[in-house]
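Below is a structure I'd like to ask you about.
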């Protein structure tokens, strides 16, 4: 199959689509920010973007490189302090969707962004750390995750639990007192995983055009369950691709 | 009342070896020039506090001045890793780096408690995370009304907080606007407050989203035009994203970093 | 998203008998017009929350609609007593008034906890005061790090908060400036938020000291020019100090008050 | 003795003088606000006035009738929220002087502004309540009080302790964990009371011109101790009187 899009573009377009119907989104920088901005440029122009730097309702015309780019503030409906964004807006449960990246994710959509175990003879590998993720995952109505699919990222066991998705299975979120539904979809460059309603374990529900179940299993560090008949995601429309590429080009030019 | 001083004198007076120092600014208004002066003066054995260590702390850590880092997200925003930070944590180069690691919500509330002069703050956070296993500054409290258990984080009260702002007047009142992050809390949590500014003006004109720190809550004000570069000052400059990207190869390599440090910091005076 | 509605409809929909209602505004931007509409509609058995009950709650209390008051300072600012409040407390007229009484610092933090959706807030307060003897919403917590005992106050989460602001746009985003008191916290602590505004504008221009409540954090917006009178709206009106002084003799006398109520509230429609 | 000033003017002028050397003052409305503004107009032009409505560094040109008059905000160096003024500024111990009024005060400068016991057959009399006073008295460097002298106000025993001054005597503030020196002077229309350094009990240290110790004792509800030789306060200077009267006239005209 010849395509005129990249796996990363498939991932981002599907991540943007996952924001259909969302009112407000707490946006992590990087892939989540690209997806959320693409959603605003395509099917969800009224989506309210909230960045942890303190902006409510940012409407950037280009992709911010960092979470505190000036345009996020200049185009926002309101700019508030960082303590306020976390206490009055996120913690208070006002945000529909939290959109996160991850370094490692396990079968229950728990996240590690802190440290990597590199074996007994080597020191731990250092990742950036938690950022806003633990409280974003705890306090939003639901959580979307977007990351590239590989056995390095999709692991049998996290080296460190930075952020709880579904814990060790059904009921764990309630037991821990976490609000909201937790992760409802993990968007990758190969397809989409969603938690099984009964077991809370991530299941392969959608394949991107041209990807096979076997490919996804090979890129996953645990015995991935696939839906009996995984759906195939719609190819990116010309409009989606054009909007995505324009966003990225504008971001580069601004840098 | 804040004195208006030179960068060299203000840093020498206010920042001391062994201090706990917060240099805040959430991507915007990061006080790079003051950090460079700390490097030039060799003020060392610092405990640094910052939500997002960013390139500014990568430089201080690489220069060997930092013994401990209190933080919540240590990356080069939009680029990748902070390699000097990683090298210190993973390999102890140029010296071991002790960590006290939090989430953003936790760090923000540690500053809030510090600014309020309370010993701790309460939040819904850290539940189920391994983070509390590695720090003694996260605990729990029980609500005396509902019985619910909540996270508690210990207040952070730096010896000195350094921030960059757009303007001060001649009396030392400081005004900053745009993304103001956690700067008010970081400043009010500290014993001493050093503010570098883009310019001194005759009269401050309050701006939308602006916050004013009155002179009597500030220790020293230093005019340092572009003192936030490669970060930015809304209304004065834009973020130098190229520098952040160029930092990646410099910081990956110990020698390249040391050359950069010599040429760009040590061989340049603070005479602005 | 906030709907833009008439005062009559918004009050009828959002404020219900038996509700806990906060109508905030620290001297500035007190939502009098909305209170008058509550009186006209006879919405009753209210628990009212407000740091400074002011003349607005004196009117609601005198009208017999209030069963409980949560507050921290109940006077006519610059003038003297709130006589309808006193008559209710001292003589149970027109009905007994239950009190939950705090200090300003305590009330402010009750709203902060409410806005943060925490069950309580911590402060240095109430020490040695008799206030905690008369309320079950003040307690203590012990710092898990230092062992220090601090005051805890229970969060307040009104069913509905009513505020007055200068402007909203057609999407229902609200902007207020000048003294903004505890309005943000009171609004964010509530289940429903009703905002009366001086005017609807095509585009909000953020002002210094201004705060914006985005449309999705507001339930209904109602244009009510001069809706804060005899309080004021900075940029639109000045405080009618004469009214506050004239209120003293009106409110001292039950009959004079009832006449005032009939002539100024019941006999006037909310058709603005 | 013929004077061209009133007892209230004596009280206010002396209250203003008590702010000599103060950097920052948390100002209650009414008499404290008049005194603090007079201090700014006379000997302490740099005095920073802080009002609980959220203004730092207000410089009103006329006396505000209420604590939230527009001019307090318009002339301020900074306007902050009410939670912030109490948490970040007052509670944090940044304010030199708290200036309070009172309905009842006892010999240890404790304050009642809540309720009055009117005897067994009558309901409690209702006062306005605490306002900011408990935390102002707890967290400022020192506290000044200004109120008219009468046995109704200066009582043997408070009907209710709203605000702690010196508690039940020396060491009580430390025991309660209260910061600062507590009340250091009570300025009245008859003279000035100050706590005895050893007992913390209010002692008559200064008489206004023409007032006798006996007059003050008659207006005090407890056995008031007087200093062996009470000082006599300086009469208001023409400049002080002119400034006070101008302030009050401007306040009236604005109302």
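Order as written gives the chain letters A, B, C and D; numbering starts at 1 within each chain.
Here, a residue touches a chain if its C-beta (ideal position, glycine included) is under 8 Å from a C-beta of that chain, and two chains touch if they have at least 3 such contacts.
Since we're looking at a predicted model, the values are computed, not measured.
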Which of A-C and C-D has more C-beta contact pairs: C-D
Separation of mean Cα positions, subunit D and subunit C [Å, integer]: 28
Euclidean distance of C-alpha centroids - subunit B vs subunit C, Å: 39
Subunit B residues counted as touching two or more neighbouring chains: 116-118, 123-124, 148, 184-185, 209
Overlap residues in subunit D, where contacts from two or more other chains coincide: 87, 91
Chain contact topology (line, ring, star, complete or other): other
Touching pairs - complete list by chain label: A-B, A-C, B-C, B-D, C-D
Partner subunit B, residues of subunit A touching it in the complex: 29-30, 52-55, 64-70, 72-74, 79, 81-83, 86-87, 90-91, 114, 123-126, 128-135, 138-139, 160-164, 167, 172, 176-178, 254-255
Residues of subunit B touching subunit C in the complex: 116-124, 137, 139-146, 148, 150, 152, 154, 206-210
Subunit B partner contacts - residues on subunit D that touch it in the complex: 23-24, 48, 56-57, 77-78, 87-88, 91-94
Residue ranges of subunit B in contact with subunit A within the complex: 26-28, 51-52, 71-75, 77-79, 81-82, 85-86, 89-91, 101-105, 108-109, 111-112, 123-131, 148-149, 178-182, 184-185, 209, 232, 234, 238-239, 241-242, 244-245
Subunit A-facing residues of subunit C, complex: 115-118, 173, 184-185, 188, 211-214, 216-217
